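Below, each structure is written out as structure tokens.
Note that chain A is present in both complexes that follow, paired respectively with chain B and with chain C.
Presenting the complex of A and B:
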């Protein structure tokens, strides 16, 4: 049972880190539906760097850096060019999906490095993700720069008048957001499942995106959602642990995706949105023009 | 910005002509292919030689041309599945799931008539039923995001993506490890259709080409000449304004997603049940789901225009089949077609800008 929970928490780490990135960007008014693409880049690049150099640290740094670059690209499209953020995000996803399939292919297979240390099976990154969630909550709701970031996402014109540089704030937020997605991908590729395979994230980025809506843009609610989905994922991988012999293992694999849809539907009902909907950043998804 | 005495200004476009759109689209494809050339260079292949090999295999070689055509039909259907919702401002990235569902439903009919073990099935009944089932299967898969979007305004991107994975694993369940549709070879692939259910070729092409061409005409007509086409476009341009004009958002979103799903279901039927050498759901069915994403590219370049999608489907059908071929011949890494997909997509995103702005050069008056 301990094993099950440890695996669940380790999986939740990846959802948490990626979705925290998305929260930061969305709080500043920029939606990135290409979380999966940024994560695929982070995962693939960190995997290649770590495999070639034999150095985990370099791997993680490369994953974070490439994530930030993807964030920069998204910020350029969405802030400077002012395009449709959904289209830009889809671009990021398909770019990540297509290019990483090609770049990573020669490195298909296991990483071949000694596993990163764990505490009774629990990845230290889980603890880091807790700290990150708390830190981002504190930053967003208890500090002045956090207030500025949120005001840019709520009403950029008013923020601009009160002396905040909207463009710079959005660029910084989206790059940091991309860096976290890249980091989440690196954790997946270097710690959680260190075997490269084409498109090996299998939709985790999209689940992280759904978790942001679920979280009401609050890091702590997000943490709860991530752990729930981490556990669901583990049930779907090892159904024998809880419910033996009901479905084939393939049918179990559909489980987290079905639950994601159900949760998403519950969240989009009138009942839910009238209760919680106010948390949505007012200017989310809208390009800002002076 | 000033360069060499010219003042460069951006002007917002209110509209653009068809010619302008065509030129920009072609330019976008050219820029993307140019950038993919760097991937060839990096792999130690002369880009000109690489493209020459791709194009000659795809459009001249007698093995390559049928492959290109099969893919073009498939891509055209996937493109239509994408542009129906796109014209209404909605994103259907669930073509993969819808085509798996269509294929499963079609093979389900064959299975129900005992075609897995018995070669003598009444083809005159089973074949049309398979086609109808493929349409129904894809349509049902499309109904889910359509209903959820229309009723609860649920994010259709996440829903269709989740459904892709669900359908992917359900297909695995059906054809692998003792699943009901597993073939007798025990290789983890679906059963093969008996000869009676293998439709012959028409002028060297699967008969599904008529579906693709017929749908092109139908969609062109619907978009330009009918009230529902107008409603779809109005809703895509501005949901709020369309609501004032009496457009029912629920009706529009259900309609475009179901119709898109039906067409994607046909794409699944086309590739798995009419292409020579297949006639089964193969082990690598996931590759076809990935190929379906080229439908997004075609749809974005054609700006949702059914007629303009035809040359694009042929082009990308050829580029992907040719890409697969040169990969083996020139010892490129696997997945040049995937890399091309990614680069094309991001260039298209960048080119959006030119669809909205016009760059104006003005001679600066000397001071």
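Presenting the complex of A and C:
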């Protein structure tokens, strides 16, 4: 059973880090549906750098940097040009899918470095993700800059009038968001499954995206959700060993998305908004013009 | 935006598309000079390069990219080796060809002089059948998955990889200390079931010879390429089923990485991944096998050069079929190969001392017999159903214990290529 939980928690780490990045961006009002693309870039570049240099640290730094650059690109189209955020995010995903395949093919195969140390099988990045979730929660809900960031995502006009530089805040948020997505990709490629193959994330970025909506933009709910999604992922791999004769693995695989849809439907009801308040950032997905 | 501007934009888009279409497909990719072929066996004669004969253009459509892949990489190497071997043969190719692209790309390459057009996977090679009649002077080839339909100039081809897999099974069966061998597999299909059966027969023969009990566990990922599933399945096989020899019928490197991480033996497939790509070392890869697609392509090339309008349309060559490369090296269709070495020498130097001499001798003997065409694992053994496998239209899975083919009887090509729909008795299929 411990092995099951180790694998679930290690998988959940990648969801958590990527989704925390997406939360920061969405809290500032910018949606990036290209999480998968940013993660692919981060994963591929970090893998190549680590393989070529033999240095894990350089690999992680490269993955984070390329993620931030993808965030910058997304911010330019979404904030400066005021483009459709969903369309631009899809563009990032498709770009990531194609370009990383092109760049990464010569590096196909295992990383070939000694594995990073684990604690009873548990990735050290799981503990880091717990700290990151707590840190981001504290930043968003207990600090003045966090309040500024949220206000930009709720009502950018009012925030601007209050003296907050909306463009700068959104740029910084989306770049940080991209950096975390790149970091999540790096964790995948250097720790979770250190083998490069084309399109190796196979939809994990979309699970992270779904998690943000599931979590109602709260880092702690997100943490719980990603552990649940990680466990569901593991159940989907071994349904007969864990919960025999209930559903096929393909049905289990859909559960994270089904749960997210249910949560989104619940959130759209009057009952939910009167009882829990509006969780979704008010200006999410909307371009801001002075 | 005003309506006129929209119309202008629409027209510009159409014009741009037409310009793109006009630019595209003017030139097929020509293969660069080939690398030196891996040394395999000493030369023992073979075909002479046919200088002075009319030029023949071999065009291969690869379903994936070439670099870093064991399937398309091996097909690409085949094309290059043939172009190097024959002065009058040119090799051109296209990468990442989807099923809807195989006909247009084929027609482009025919317009450039292609005489033989290959689709290197069935799902994108089969559409070539539709244009076979339109180009009667061109040979079309599709790799077989389970379909065997042909036309006079539409040839189907697959190598008898199960022969090399049988030899791998002997080695794996001898190597396991826990008595548990794991296969990370794609999904039940004829190709997978047949190849797995070859491996399992080898394991069972080794177990019988060494008087030990060996279990073979198979767990399906659901598709050929699912890196995360493959990793998790490999980890499950090692952690829960105490597997200490791992192999795969999937395409990502995850299983290999798990073997390396867990310090257990890995048995490779399709290509010499250590020698060709350096993905791991012989400390992990106990043995692998290499597929030389060029041997079958060479048979097709010979028929074309003879001007035969009715060539054999089903090719299923094994280790007995060879070709001679330009440097005189004779290569069989498939062979054990690891870190550039072939045959018994392909067994990892670290693994070799762990394998009893009786098994080494048997590997050597069976390999030699197969090279001479005197022995085949599927002919020699009876094939008994495990009661699991794949139900095909009109062909249910034989019930457990059914002797589908008695020992000593040669299995037909049709049966092996399109009707092999069961696991062998003794295989444990994990749900």
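General remarks:
Note that the second predicted complex is superposed on the first by the 251 of 290 C-alpha atoms of A that agree within 3 Å, B and C clash if a C-alpha of one lies under 4 Å from a C-alpha of the other, contacts with A are read in each partner's own complex, and residues count from 1 in each chain.
Simple rule for what comes next: contacts are C-beta pairs under 8 Å (C-beta built on N, C-alpha and C of every residue); 3 or more make two chains touch, one makes a residue touch a chain.
This one's a predicted model, so the numbers in the text were calculated from it and none came from an experiment.
Of the two partner chains, neither chain B nor chain C is touched by A:57. Once the two complexes are overlaid on the shared chain, A:81 sits against chain B while remaining clear of chain C. When the two structures are aligned on the shared chain, A:158 is found in touch with neither chain B nor chain C. Looking at the shared chain after the overlay, A:269 reaches chain B, while chain C stays out of its contact range.
Look at A:260: by the touch rule set out above, it reaches chain B but stays clear of chain C. Note on chain A: of its two partners chain C and chain B, the one contacting more of its residues is B.
In the superposition on chain A, A:209 contacts chain B only, with no contact to chain C. Contact with both chain B and chain C is seen for A:106 once the two complexes are overlaid on the shared chain. Look at A:200: by the touch rule set out above, it reaches chain C but stays clear of chain B. In the superposition on chain A, A:127 makes contact with neither chain B nor chain C.
Judged by the document's definition of touching, chain A residues 101, 105-106, 198, 202, 250 lie at the interface with chain B and also at the interface with chain C. Of all residues in chain A, only 3, 7, 11, 101, 105-112, 115, 193-198, 200, 202, 204, 234, 237-241, 244, 249-250 touch chain C in the complex they form. Contact residues of chain B toward chain A in the complex are 39, 91, 93, 144, 148, 152-155, 157-159, 161-166, 169-170, 172-173, 176-177, 179, 290, 293, 296, 300, 333-336, 338-343, 345-346, 348-350, 352-353, 356. Contacts from chain A toward chain B in the complex involve residues 33, 73, 77, 81, 83-84, 86-88, 90-92, 94-99, 101-103, 105-106, 198-199, 202-203, 206, 209-210, 213, 248, 250-251, 253-254, 257-258, 260-261, 264-265, 268-269. Chain C meets chain A in the complex at residues 65, 67-69, 222, 225-229, 231-233, 235-236, 239-240, 251-254, 256-257, 260-261, 273, 277-280, 430-431.
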